[in-house]
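Next come two complexes built around chain A: one with chain B, the other with chain C.
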Partner chain A sequence: MKLYDYILSPSCYKVRLMAAIAGVKLDLRPVDFHPGREHKTDPILALNPAGTIPILVDGALILTESSAMLTYLAALAAPGWLGDATPADRAQVEQWLAFSPRLTASCGGARLHDMLLMPGDIGALRASATRALRELEAALSARRRRGHSFLVGAIPTIADIACFPYVALAPDGGIDLGPYPSIRLWMRAIRGLPGFIEMPGIHRLHEASAEPAPEIGGTAG
Partner chain B sequence: MTTTWTAAALSQDVPAGTAAPGRLGDRDLAIWRSASGKIAAWADRCPHRGMRLSHGFVRGEALSCIYHGWRYGQTGQCIKIPAHPGLEPPDAIRVPAFAVAEASGVIWVADGAPATAPPAFEGFTGFRSLQVDAPASVVAEALGGKGDAIRAALGPTPAVALIQPLGPDRSGLHLLAPLSAAPEALDALSVAAEDLRRRAEAGQKGRAA
Partner chain C sequence: MRHQWYPVGIAAKLPDSPAESLLLGERVHIGRAKGGGPQVTDAKGRALPVLTRFGHVWTTLGTPERDLFTIPEADQPGRRLVDVGTVRVRCSPLRAVENFLDIAHFPFVHTDILGAEPHTEVERYEVEIREDSDEVWATKVRFFQPQAAKSAGGGITTDYMYRVPAPTCSILYKTSPPRPGEWDVITLFVQPMTEELCQVWPWMALFDDASTMTDMIHFQQMIFVQDRSILENQIPAKLPLDPGLEIPTRADMTSIAYRRWLKRHGYTYGAQLVAA
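Up next, the complex of A and B:
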């Protein structure tokens, strides 16, 4: 299974993260998104006329939407992550998958503006990020009230993976996550998942890793 | 210098083994809770190179900076510098610590030593913090009250609203509800609080225009 990938893209990271958690090995094909704009060149456009990455190719199957890739990987190798135990759960997973592009457009747009100097109305991008983050915070606080850490059901699902990366990287776009305590604890729960992998700017839980070995000649008294 | 208590966060939002950002007046705080449950509120700045300690990580009873791993004990004293394992960190390497106390599920902080304990709201506990892009006075007005602790009428379930000033055009709103309130009642209070936030922010925009 081949992923056309860019290391700094949160959408590509969603797919790498889900594959790592599901134990699916990806053949990564790096795309020179910046500064090369390789995603707008003929060989990539032949695969995906929209000129976006990630692109996931598995035999004859070509997927160009990251949410569809998450569904595919989970269905293949980690069906519990589909979160479809009940009709309501299944619909809510769909709801969050459909919500995630709002995070991409707002938090992701602000990040591209600030990091890659892409054009955009930064005030409007941050304002729409605030609206999306407030919705997510309200939903997660309601989940916590019922003893749950993740967006749908009792266990993590593709809905969490679809929403996590652009939220975690929102500070790159000048968006402060300080006002969102439930989002902070949700991100912490995701960063501590078995199989979790990092991307630049998103780290696993340090406290979960082993204490460094005691150094020789430690402090006296 | 303030010697009164400020509601800075909710106890539920800083579980054991975690650190969170907070504010006291115009200062950034790192609020963290040790593995055994001890709460601390410090200046959010590592004495080494200034990294925010609220991004740090808790191991046992100490907070470590995410940048180079300098480790600080409960009082703020540096207890370990990983790059110099043989060195006992000098006393001078210490993070300024603020007074901190918990009551009714609220984390209260103060600069100095307040003469009294923080207010307790018998039978109530904090369940939701929101940030409002409007000054404290506008939020109090939207709640139909005055001051920084208001018995709020947000529907059938009684609530207490604690308002934390966060600068000229921003406030924190910490909400308390009866300990016995069901999740559905808290959902309804939460929705009412967001409605109140919309009104306060719309009023603020109207004022600014």
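Up next, the complex of A and C:
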């Protein structure tokens, strides 16, 4: 399974993260998004006329939407992550998958503007990011009061993976996550998941790894 | 400070219509001249001096006393020259350079790539301000690295040398994994936009015949963006040149020399002079 990938893209990271959690091995094909703008060149446009990455190719199947890729990876190798235990859960997963592009456009747009000098109205981008983050905070806060750490059902789902990266990287676009305690606890829970992998700007939980072994030859007894 | 050369663009990727940017708080436009070469103008439309070196376009708001530094090693045949692409950071340009000179953060910020626990010790190394060239040098730096470069197959102890030839530019020389007798050259050229905003233009001259150009670009972008969020949260935002606010350790010798050298030159753009 081949992923057309960019190391700094949160959308590509969603797919890498889900694949790592599901234990699916990806063949990564790096795309020179910046500074080369390779995603706008003919060979990539032939695969995805929209000129966006990621692109996931598995045999004859070509997917160009990251939410569809999450669904595919989960259905293939980690069906519990589909979050379809009840009709309501299934619908709520769909609800969050459809919400996630708002984070991409707002938090992601602010990040591209501030970090890679892409054009955009930074004030408007941050304002719409704030609205989306407030909605997410309210939902996660309500979930926490019912004893849940994740967006849907009792366990993490593709809905969490779809929303997590652009939220975690919002500070890259000058958006402070200080006002969102439930979001910060949720991000911590995701970073602590078995199989979690990082991307630049999203660090692993160092305290989740084993303590380094004592130096050999240290003080005895 | 006006009389230094600063990077403002990649020579091979100049915009078709002039792009606006900031240099030392002043508005500049970077584009192409009629003949196709680089052109940089100031806020009044006056053409500024330009030169092209290390794949980048350099300009100045003043009249530099000396030519831009050179990197003789980068001219060795067989090297691949990599324009990594710019990244903007809300931090002091001097903080960006200082971070580039630091080794101790590798295991914690570049975990399993440039460092890993428990290999956290920075062994003693040598630092000097070379009077003849007026540059800061750190030599005999050694560090264990799980994946020192895209071309590294596994963990190796890497030798480093650091060089600061200009206040907002730093060059590191490190063991080339495919050619252990040679140095890979990795640079960080910093464009000071304001005292707390900068644009970095990393550039590399590597011995690596196996990796694709995109692989090499992504490796370096990955490393730099791992640093970016740390840089944007440093306190104080400006680099303190006076002792008293921060307590350095032996591993910080390069940083101490860099700060001392900046102070000696009166280079204070992005610096804090009185301890807060």
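Side notes on the structure shown:
Methods note: the second predicted complex is superposed on the first by the 212 of 221 C-alpha atoms of A that agree within 3 Å, B and C clash if a C-alpha of one lies under 4 Å from a C-alpha of the other, contacts with A are read in each partner's own complex, and residues count from 1 in each chain.
One rule holds for everything that comes next: a residue touches a chain if its C-beta (ideal position, glycine included) is under 8 Å from a C-beta of that chain, and two chains touch if they have at least 3 such contacts.
The model shown is predicted, which means the values in this text are computed figures rather than measured ones.
In the superposition on chain A, A:Pro101 contacts neither chain B nor chain C. Of the two partner chains, chain B is the only one touched by A:Leu185; chain C is not. By the touch criterion stated above, A:Gly174 is placed in contact with chain C alone, chain B being left untouched.
In the superposed model, A:Gly120 lies in contact with neither chain B nor chain C. By the document's definition of touching, of the two partners only chain C reaches A:Tyr6; chain B does not. In the superposed pair of complexes, A:Gly51 makes contact with neither chain B nor chain C. Of the two partner chains, chain B and chain C are each touched by A:His206.
Contacts of A:Ala142 after superposition on the shared chain: chain B is touched, whereas chain C is not. Within chain A, the residues touched by chain B in the first complex and by chain C in the second are 206, 212, 215. Partner chain C is touched in their complex by these residues of chain A: 6-8, 30-32, 34-36, 38, 114-117, 171-172, 174, 198, 200-201, 203-204, 206, 209, 212-213, 215. Residues of chain B touching chain A in their complex: 9-10, 12-13, 15, 17-18, 20-22, 57-59, 64, 66, 80, 82, 85-88, 127-131, 172, 183, 186-187, 190, 194. Interface of chain C with chain A (complex): residues 10, 13, 83-90, 108-109, 111, 117-118, 199, 212-215, 217-218, 221-226, 228-229, 232.
Against chain B, in their complex, chain A makes its touches with residues 134, 138, 141-142, 144-146, 178-179, 181-182, 184-185, 188, 205-207, 211-212, 215-221.
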